[in-house]
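Consider the two complexes below, in which subunit A is the common component and subunit B and subunit C are the respective partners.
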Partner chain A sequence: MNKITNNKAWFLVLPVFFIVAISAIIPLMTVVNYSVQDIFDPQTRFFVGTEWFEQVLGDRRLHDALIRQIVYTMSVLLIEVPLGIAVALTLPRKGWGVSASMVLLALPLLIPWNVVGTIWQIFGRADIGLGGYVINMLGIDYNYSQNPMDAWVTVLVMDVWHWTSLIVLLCYAGLRSIPDAYYQAAKIDGASNWAVFRFIQLPKMQSVLVIGVLLRFMDSFMIYTEPFVLTGGGPGTATTFLSQFLVTIAVGQFDLGPAAAFSLIYFLIILLVCWVFYTVVMNAGKREEQ
Partner chain B sequence: MTLTLENITKTVGGETHIDDVSMTLEPGSFNVLLGRTLAGKTSLMRMMAGLEPPTSGRILVNNADVTGMAVQKRNVAMVYQQFINYPSMNVYDNIASPLKLQGVDKTEIEKRVRETAELMHIEHLLDRLPQELSGGQQQRTAMARAMVKDCTLLLLDEPLVNLDYKLREELREEIPNLLAKRDTIVVYATTEPMEALLLGGKCAVMHEGRVTQFGPTTEVYHNPAYVETGLIFSDPPINLLKAEVRDGALYLASGHQVSLSGHLADLGNGNYTVGVRANHLSVEQENAQCVAMQGQVELAEITGSETFVHVHFNDVSWVIQEEGVHNPRLGEATTFYLDPNRLFAYDADDRLVAAPPSEIQNGKAA
Partner chain C sequence: MARIDLKSLAHSYFPDPKSDTDYALRRMEHVWEDGGAYALLGPSGCGKTTLLNIISGLLTPSEGQVLFDGKDVTKLAPEERNIAQVFQFPVIYDTMTVYENLAFPLRNRGVDPKRVDERVREIAGMLDLTGKLKQKARGLGADEKQTISLGRGLVRDDVSAILFDEPLTVIDPHLKWVLRRKLKEIHNKLRPTMVYVTHDQVEALTFADKVVVMYGGKVVQLGTPQELFENPAHTFVGYFIGSPGMNIMDCNIDDGAAWIDGQRIALTDRHLDAVSKQTGKIELGIRPEFLKLETGDGVSSDNGVAVNITKVEDLGQYKIATTRFGTSDIKVKLGEDAQIIGQSGVLRFAPEWTKLYADSQLVA
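Moving on to the complex of A and B:
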C-alpha cells in the first residue's frame, strides 16, 4: 500500500514556526552574534571569539551579583513556599470567606511591578511612609536608602508581599481537589493533623508545588523592576542583582559585547537550574514509586 | 457489639436529611441500606461512625450512650465510593496504617497485613503505590485497610459503584464470604436492589431520610411495606395501577376485573393501588385466571438473556420482563397477561395490605 503524504501539515505548522522564530530564535541569535564581536559602529566590527565570555566570567562584580542573586532567590523560596502552604491550609473551605480571601490574595498579583516598587518606596520612607515611620517609632534605626541590610530586607519583604499569593493560590487549588472522604478516612484511622498534612495534603499538592517553585525561582532570579524602582540597586551594590547588573553594562555603559555574553550565561544558569530541579523532583517521585 | 439508633434526626440548614430513624443492628449482622441517591444513606452512616453528631436522638453501643463520642474512639472502619488510600504510601503501608496508629507491634502488623492482603488477593501488590493499581485493586486495598483492624463496625458506602461491571460482580460475590466469620457489624449502602439481594443479610429500605422498612432482605423483598419500598426494591421498579374493590371484585383502572381469591380474598371495599413486578408479567397465558391486557410497545431493552418491554396503556407505563431476545416493533399493540395471584395490593395510604405468598413470587405461576 502506498503511503499518502499530506503536505498541508507544513502549512499549518508554519505560523507557529514563524512566531517562534521572530519572538525567540532571531533575538537569541542576535545576542549570540553580539557576544562574539566587538562592535564600534554598524560598519566597524571585529570578531573576538570567546574574549567577552572570559572577561565577564572573570569579573568580580558579576561574581558578587551572582552570589547576591542566589542568596536572594533562596531566601525568597524558603520564605514564600512554606508561608504560602501555611496560608493555603488556613483558608476557609466554603462560605463567603472563600471568595473574599481569593480577591484579597489576588490583589498583589494584579498590581504592575513598577507600581509595587513605588508603593514600597513610599511605604518604607522614614519621613512620609507608614511602614518606615512606624519602624523608626519603635526605636529601630531603619533607612533602606542608606543601610544595605535594610534595603536588602525591604526588597525581600516586598517580594514576599507581592508573590506569596501565587503559591497560596496554587496550593489552595491543590488542596481543594482532595475529596472530603480522604479527611474522613484519616479521621477514622485517628491520624494526627501532621499525618494528614504529610500523607494526604502534601502528596496531593506535589505537582502544583513543583510548578510554584519553578515559577518563583525563575521570576525571582530575573527580578529587575521592583528593586530598580525601590532602591535602584543601592545603596552601593547591596541590591544589585543580576538583571540590574546586566542593564548597567548594556544600557549604562553600552558595552554590547560583554552584555550579550553575560545574557547568554545568565540564560544558561536559569535553564540549567530549572532542568536540574525538575529532573531531581521527577526522579524522586519515580524512586518512591519503585 | 450491638448498635442501637434511637430517634435519630439530622437537619442541615433547615433541611431534614435524616428523619426520626430508629433501628438496632445485631452483633455480626450484615445490614444493607437500600435507597436511591440522596435518600440519606451516607448521612446515616456518618452518624453511625461518629463523623458527625445527630441533631437529636441517641446512638447506643451495647446500651451505652456514644452519641457525642469522637470517631477515633469508636473502632469503626469505612470504605468509600471513591478509592481512598494514602497516595504516597505503598499498599503494605496503607494497610498497616491503622495498626501503626493503634500502636500494634511490628511483627504483629506484618502478620496481619499479609493475612488481610491474602484474603483480598492483593498479596502480590504490597510494594506498589495506589496510583499504579487498577480501580479494583485500589478498592481491594481500601477494603483491606478497613478490615485489618478488627473493628466493631464496618461501613461500606457504595464501595462497588466506581468499578466496572466485571470487577463489581467479582467483589460482590466475595464480600459476604469475607465478612461472614467476623462479629463485626457490617453496614453496606447501595442503590441497587439486585446487589441487596445478592448480599443477603438484613435490609433497611431508606426513602427521603426515613427507614421505611427493616428486616431480613428476602422478607423485605417479598413484602415491600409501602408503594415506595416496592419501587425502590425492584428492578425495574414495580408496575403500579389504581384499582377499586366493590361488589366482591377488584376493578383495575384499565377496566379489567379480577376476582378476590387467594391472598386478595380479605380486601374490603375501597380504593387501592396494585403492583406487579416486571418478571411476574408474561406474554403467554400461564393459567386460566390470568387477565389479558393490551398496551402499546414504547421501548424494548435487550440485555441478552432478557428483554424488558415497556408498554403504555391507560396513561401508565409498565415493564414486562421476557426471557430471551425479542424485537417487538415500537408503537405496535401487544397483549400480555397479568396473574392475579402475583398482585401486591396497597391501600389508599400506600401501605401493603396483601402480598403474594413467597413461594408464588419465587416460582412459576401455579
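Moving on to the complex of A and C:
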C-alpha cells in the first residue's frame, strides 16, 4: 500500500509549537542554562557542569525544607481528602440548600491567595484577631508568630479552609451522577450505609478523586503565597517550604545558579510524583477490568 | 412468598388532594394471590410505577394499606419488607465481580457462605452467567449488566415478592425474548409472587397469569390475558390490548338495535336488557378479529353494514382492512389468503362478541 505523505500538516502544528515554545520550553531552557553556569555579569560566565546541583543537593537547609514540605503536603492531603468526602456526603441533594451550600463552598476558592494569607494573619492575631483572641481566652497560649507549632497549625488550618471546598465540589459532582435507582437497589439488597459508601459512592467518586488528589498535591507542594503573607516562613524556618526556600536563594541572595539547579530538581520531583501516582491509579483501574 | 392485599389504597403526590385528578393512584382494593405472576400494564404516566414503588416501600401511600400475608407493611422501609426489586436500568456494583454482585443481597443478610455459593451458582446457571462469575462487572455490556440485576432480584428464595420495573427495556429484542422465557420458567419452578411493570402488551400477556391494566391512575381491569382479550371491561383495555385494538364507535340504542351513523347493528336481548338501565354515553366495541368482511358481487347487505374499503395492509400472517362508513373507521382482521374484491363490501358483526360500553365501562 502506498502511504500518502503530506508534509503540509506540519504547518498546522506550528502555531501550537510556537506558543508552547514561548510559554514553556524557552523559559525552561533559560533555567537549564543558568543551572550549569556561574554568571558574574553578562560578559563573564563559566561553565560549571553539575557543581550547582551537587551543592544544592548537599544543602542541609534544602533537606529540612524538603522534609517540612513532604510532611505539610501529606497532612494537607490526609485532612482535606477525607474531610472533603465527608462534607460532600452530607450536602443536600435537592432543594434550595444545594445552591446555598454551593455558594458558601465556592467562596474560599474565589478569594485571591494573598488575601487568604492576610485574612488569616489578622484572624490569628492574639491582640486584634477574633480567632487568636478566642483561643487565648480559652486559656491556650497561642501565638503563631513566635511558636513554631502554632505557626504550623495555622498554615495547615488556613490551607484546609482554603482548599477543602475543591475536594467537596469534585466529590459532590461525582455523587450527583449516581442515579437514585442505585440507592434504592442497595436499600432493597439490604446494604449497610458503609456498603453503600464502599460499593456505590466511592467507585463513582474515584476518577474525580484522582484529579482532586493530584491538584491538591501539586498546589500544596508548590505553596508560596499564603504562608509568605501569614508567617513569612517563620518563626525561624518553621514554615519555610520549598518555594519559600527557593525565593530566599534566588531573590534574597541572588544565587541564580543554585536557584536554577534547585528549580529543576523541584520541577522533577513534582513531575515524578504526579506521574507515579497517575500511573499506579490508572493501572489499578485497568487490572480490575481484566 | 406472600399474598399481597391492597386495602383502599390511594396515593397523591400533593399534600392535600382535592379532586380525582390530584391522585396519581385512585383508591383501589385488590388481593394478589401468593405465587401469582402479575403484570402491571399501562401507558406512561398511568401510575403503574407509583403502585410498584408503594408495594416495594420506596413510596409510602397517602391513603390505605399494603398487607403482605395479612401483615400491615405500609410503613415499613423496603429492606424491612423482604422483597426484591429489579429496576429499568441496570444497577450493578462496579467494583465487584459478577459472583460478588449476585451474592451481595445474601451476604448482607448474613446467609451461611455455603448456602450463598449454592444459590449464586444456581441462579447464574439459570441466567447463563456461569462462565462470567469471576469477571469484574464493570467491563460487561448493558445486556449482561441487566441480567446480573435480574439475578440479584432472583437470588434470595425467602422474599415475599419480586418486583420488576420494566426490566427488559435496555435488552435487545432477541435476548428479551429469551429472558422473558427464563423468568416464566423460574416462576413455574419456584412460584414466587412476581409483579412486573411494563407498557408492552406482548411482554405482559406472555409473562403474567393475571394482567392488571391501569389507566389514568386506576386499575381498569384485572384478568387473565384471555379475559382481557375477550371481555375488555373498559374501552381503554379494548383499545390497548390487541393489535390492532378494538373498534370503538359511538352509537344510539333504538328499536331493539344499535345505530351507528344510520346503520343498524343487531343486538341480543342480553345487550338490550343491560343497556336499558344505562344513561351515560353509549359506545359499541368489537375486536377486528370478530368482524367478517364480505366482498364481491351479490353480497347482500341484510344483517350487515355496507362499507367502503379504504386500505388493506398485508402483514404476512394476516391482513388488516380499514373500512369506512359514515364517520367511523373500522379495522377488520382477515386471514392471509382472504380475497378482497372491489372497493366496497359488507361487514358482519358477531353479536356474541359485540360489546356495549356506557361511559367507557362494559355493560354487556
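Note that the second predicted complex is superposed on the first by the 282 of 290 C-alpha atoms of A that agree within 3 Å, B and C clash if a C-alpha of one lies under 4 Å from a C-alpha of the other, contacts with A are read in each partner's own complex, and residues count from 1 in each chain.
In this section, a contact is a pair of C-beta atoms (placed from the backbone, for glycine too) under 8 Å apart; a residue touches a chain by one contact, two chains touch by 3 or more.
Model, not experiment: these values are computed from the prediction.
The superposition on subunit A brings subunit B into a clash with subunit C. In the overlay built on the shared chain, the residue A:Y182 is in contact with subunit B and with subunit C. Looking at the shared chain after the overlay, A:F199 reaches both subunit B and subunit C. In the superposition on chain A, contact of A:A191 is made with both subunit B and subunit C. Subunit A residues in contact with subunit B (one complex) as well as with subunit C (other complex) are 179, 181-182, 184-185, 187-191, 195, 199-200, 203-204, 288-289. Against subunit A, in their complex, subunit C makes its touches with residues 56, 58, 77-79, 83-85, 87-89, 91, 93-96, 104-105, 108-109, 136, 138-139, 149, 152. Interface of subunit B with subunit A (complex): residues 46, 49, 51, 71-72, 76-78, 80-82, 84, 86-89, 97-98, 101-102, 129, 132.
Of all the residues in subunit A, the ones that touch subunit B in their complex are 179, 181-182, 184-185, 187-191, 195, 199-200, 202-204, 288-289. Of all the residues in subunit A, the ones that touch subunit C in their complex are 179, 181-182, 184-185, 187-192, 195, 199-200, 203-204, 288-290.
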